[in-house]
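Dumping the structure here so I can ask a few things about it.
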């Protein structure tokens, strides 16, 4: 569905704001993964951002359940929340709700992708984050391991976001560092699982060099597993990398450990987009959609890390 | 029908029998049979058991004629419950045959036995008989609802009629169909369990009773005897019951088989069936009075 | 101590009494008390109940002297179980006082009653008495393990000793401490429940028994009578028991209170305590023989 | 005890005794209180659109809650319904989408898949006598793995025919609500007027006594397992149709706990032998209304979570005290 | 029945009867078979490093499984341990990280938080008599919400002192394993040699009879609820120390089901009154070893899921058939 949104965006966004200057008083942020630390950060930052414009921010409590998300969105549409920013757990499933929202004259902003029925979207490519990480790891492997060694991927195949990130990460790495042995692809998105799976992999492959995680949380578990099997925190022949830009991982990167990279989104950029995109739609702006950049942070990027950590605080 | 004379002779009038509330209208229902020996029986045998064996008992052979009430007397652990449960299909027999009238049956579970016309009232009312939280009507009519139903829909009116008839027949007090059975007294609970098999909706050829009046008071006990005897007399049901109470055997049985160590070791009937005779029979059969020792 | 003469006179020798296995060594233990009227009692009262009331019964007043065995006789639903359960703190009394010896107690739960020296053997062995899957030793010593323990550590050897002594005293068969209690016969189960309160590790001043021999066979019944009577005679325990079986009242009680509709309506003792007298007493007390009707 | 008695002594579908009904189902009072509070605070709780939304959401819950309640009454339990729901949706979507089968065929395929899962549960629990908790928990994991293995990618675009199942309006009422109503009515009728309905209670109260009464103590719960599986698959197909998409990894995740909660809050005892379909309906509406009202009220996420937890405990308190006060 | 008898008639900690032990715990055979298969197929299952890894993973499971098993034996249930674990880890991490408290203080803080959650569960279930299933399910949601509300951001960097709890080696054995061993031994001793251990079984088998025997039928399970809460918080602190980080939203998610599964596969009956600590240990090792072996074997994710589900059912079959064959 990606990439087909631009013309329809303008058409749709014109509807709710024929006068071209409707003032928004409320924005609903529907972010289903409430268990992630990023959720709290986003809510905090976007609430502050919204307040600047005299807008109040509403949130849903989806608990990472697609069913709950669907019913909460329906509740909002029935309630006529004027602008909805939603991160659909299942993009296809959000289509009918988005259509209903537009039909009801509401603003619908898709977060993390795009739908056929929408006013605008806030995009960031999940695959791009994975690709960035895979490329950086491959580059490191070529430089420090002469293109040899062993790698384990901590993957996620349960949700779209995870599948995209996984694909980007594995494709980029195996393309650029074909000499490195892929010894494992294990499902892990939380530190516990990351820890125990990496430990098991290490028992079989004590000389494992790289662990790439679909999330920073899982990679952090792998990081701890490597440390607990006796790797020095700054071991030169080890590379761990993850995605998200979560605080513990960023700290580890900053400290110069073998946790060497994180493909991070800047929460502040996202929060700004969450408020500004619906406002732009309401104001009838021509091209309201936003592409939020994903950046890979490494040890050298001290300033960026500090900025990200500050946003997360 | 040779009349009740033989029975009266068989039952030594105990002092109890002279007391006003006891020995009620039982004799009205005395069945037309006082000849317990199978050879002389004027009525055909209804239940025929041959060389029945199972874990812990056997071989056991016995016959119960139409309308006859046969008691099984023995000490605790002698195997009476196992024999009855095996006849009812709750336990598997390892050998032997079982006939109801002309038909040979080998029940693998209670439903099979019921299909062949055999019903059991178990001794452990609480664990094996009752559904305490269900109503009296549900408790008694449980096996009958399906029989009475038409096209898988319950015949609610017929059910109520059957229950009311039954409540009157067994003298249920209070006769409230909706009361949870746990709220009835022990005697009335026993009547309800008994009523499960002796209502108008069901035809039972062979009625097995295990300790039919355990935990039941004097009045209800007499009523239960009356109902069971009435059933045997009027419908020709063959009654086989186990009891540990010699008084009960004398009061209810036409003939009594002595059970010890899983076998039938003796038989008493007619004038010889007295409490004293029963007690000395078990004593002779099992001179070592430690039945549970070998049992456990 | 005026000897057992009064007792023997009180118990009309029934034909049963002449049979070999029954009427065993009970009379050896006849307690030193045959004067049921409180005024003449040579021994001090152990249990004194005054104007006790609770849902469904009362007011009830009674005394049981040291070593005395008092029976409560009545029809089903007359309220005997409720009276006993209220004395034991399983139900709350709404009014009245209760004294054990000199001490006034108002038990809010069984643990309080036990603390005051009152123990109850409930009628419903299965639901209220036993832990079927636990061993015989666990079943009997459950309340005692804590008493016997030192520094919260069980005294395993002492426990075994107490159990063995108890098993011998009550004549448990088989005397295997590790056997799950569900594998014992009814009579032996009852002995185990009884043994919970009458072992060496526990001192009981007042023993309440509800239907002490329900579902128990002839031999075990006599043994239970022997044990209870022995306890009263040797340790002076006051025994108050409910029974629906007039034979049992005559066999075990020194004195019997007739219970009807939740009140004590009469008393029989000495030579007047016969089965026949008991039956006519309940009959007079409750001429309408439908006890459950008003009850439910 | 009393709950069973309640249902059993009066074979009527939904008790009509007014006050009696309320006394026997105190959840009704809570539900009314909840509705009043939410209406007063949000002003839009009782809007037809909102009520319609609640009903549609509650519909899938109700479709599975009814057979699950029967299963719990008969003394068993099924935790695998969340995964079965996903499997049902996937099979239906696959048939309708990839294979362009008619909605009827798609639906039948889904129901067959559900029946197979239910039959496996039933054989293991009823005939082999294994612990229903562990078996169905194992099936929850295994079926989810199977669904993800078979359909690793999300399915969508099932066509307008299939959309009818979830989207049609029958006399102005959304199709899922109509289906749920039919299931509720069928469940209530089953308990009230069929012999097997009696058997369900009897087996739950005392399995041994039921066996000795000649009842098929294995076949009836086995059938209920199959029906529960079928109902879960049906709910999955309905969801797939409403959303026009299914994802093997997330569809119906956590659904088993939601349904079980509705059933238990609705007064069905986990120990078996007691419960009513009216109670189940109230439990489903309570959970659905609570979720909706909290969202309408804009309660912050984590407070919502706390409120839901507390409401559950309150529901338990009520369901527990009800029978006593009801006497 | 037999399981209880097993434990009860022989007050020894871990049965030492060789063959008898095996016959009574058929899971032992399965465990051995599993080890042999995994060692032959992977070649590295029995490496000390791998075994150490399994032990460390299983440790947190065991720490909570022991008190939970006691609770289940006494006829109750606690589903809130996953959230309590998170809360415990967060409180410990917060004290050690943000407030630079000593590890002892951090640990005590965590245990206190766990005790509070356990006490709330205990009061509601034991003293008010509410359904443990619903109450603790409600607490699972509510405590998770509370934890996220209090600690919305991940905590990390707890300092080397705190890292000691999860990382120290005592006689070459990882500290969490030592803690788990202590908990297991304490549980086994409790059941075998204390009067309260007897009471736990008695209450689980027949609560009414226990009450009439003068046992505190409310206080003992209440204490077990508190101990379970404390153990969950301890496990949370250990996990936090091992990972040097905690996230309120995901820490311990699903842990309650993992622990309960270990307990039930270990032969503790959900209906109460029977079970043994040896069984719990076997259950924990079985689950930990299975997960590890499947990872070593590189089994694809979804096949792993299916295998785990099937193993659970197999475990149930075993736990079920054991007592009978054991006689």
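Note that the chains take the letters A, B, C, D and E in the order they are written out, and that residue 1 is the start of every chain.
Criterion: a residue touches a chain if its C-beta (ideal position, glycine included) is under 8 Å from a C-beta of that chain, and two chains touch if they have at least 3 such contacts.
Just so you know, these numbers come straight off a predicted model, no measurement behind them.
Of all chains, A has its CA centroid at the greatest distance from the CA centroid of chain C. Chain B maps onto chain C through a rotation of 180°, based on Cα atoms and reported in steps of 5. If you average the CA atoms of chain B and of chain D, the two centres end up 45 Å from each other. If you average the CA atoms of chain A and of chain E, the two centres end up 34 Å from each other. Taking the mean of the C-alpha atoms as each chain's centre, chain A and chain C sit 75 Å apart. With touch defined as above, residues shared between interfaces to two or more other chains in chain C number as follows: 127.
Under the contact definition stated at the top, the residues of chain A that touch 2 or more other chains are 34, 39, 157. Across the assembly, chain D contributes 148, 152, 301-302, 304-305 as residues in contact with two or more other chains.
By the definition given earlier, chain contacts exist for A-D, A-E, B-C, B-D, C-E, D-E.
Put simply, chain E touches chain C in their complex at residues 1-2, 4-5, 8-11, 193-196, 198-199, 201-202, 205-206, 208-216, 273-274.
By the touch criterion stated above, chain A contacts chain E in their complex at residues 34-37, 39-41, 44, 155, 157, 184-187, 189-192, 195-197, 199-204, 206, 217, 220-221, 224, 228-229, 246-248, 251, 312-313. Of all residues in chain C, those touching chain B in their complex are 12, 14-16, 19-22, 75-77, 124, 126-127, 173-174, 176, 179, 183-188, 211, 214-215, 217-220, 244, 246, 275-276, 279-280, 283, 289-293, 295-296. Against chain D, in their complex, chain B makes its touches with residues 88, 90, 109-111, 113-114, 120, 122, 127-135, 137-138, 142-143, 145-146, 149, 152-154, 156, 177-178, 180, 182, 196. By the touch criterion given at the top, residues 124, 128-131, 133-135, 137-146, 148-149, 152, 257, 261, 264-265, 270, 301-306, 308-313, 315-317, 319-320 of chain D touch chain E in their complex.
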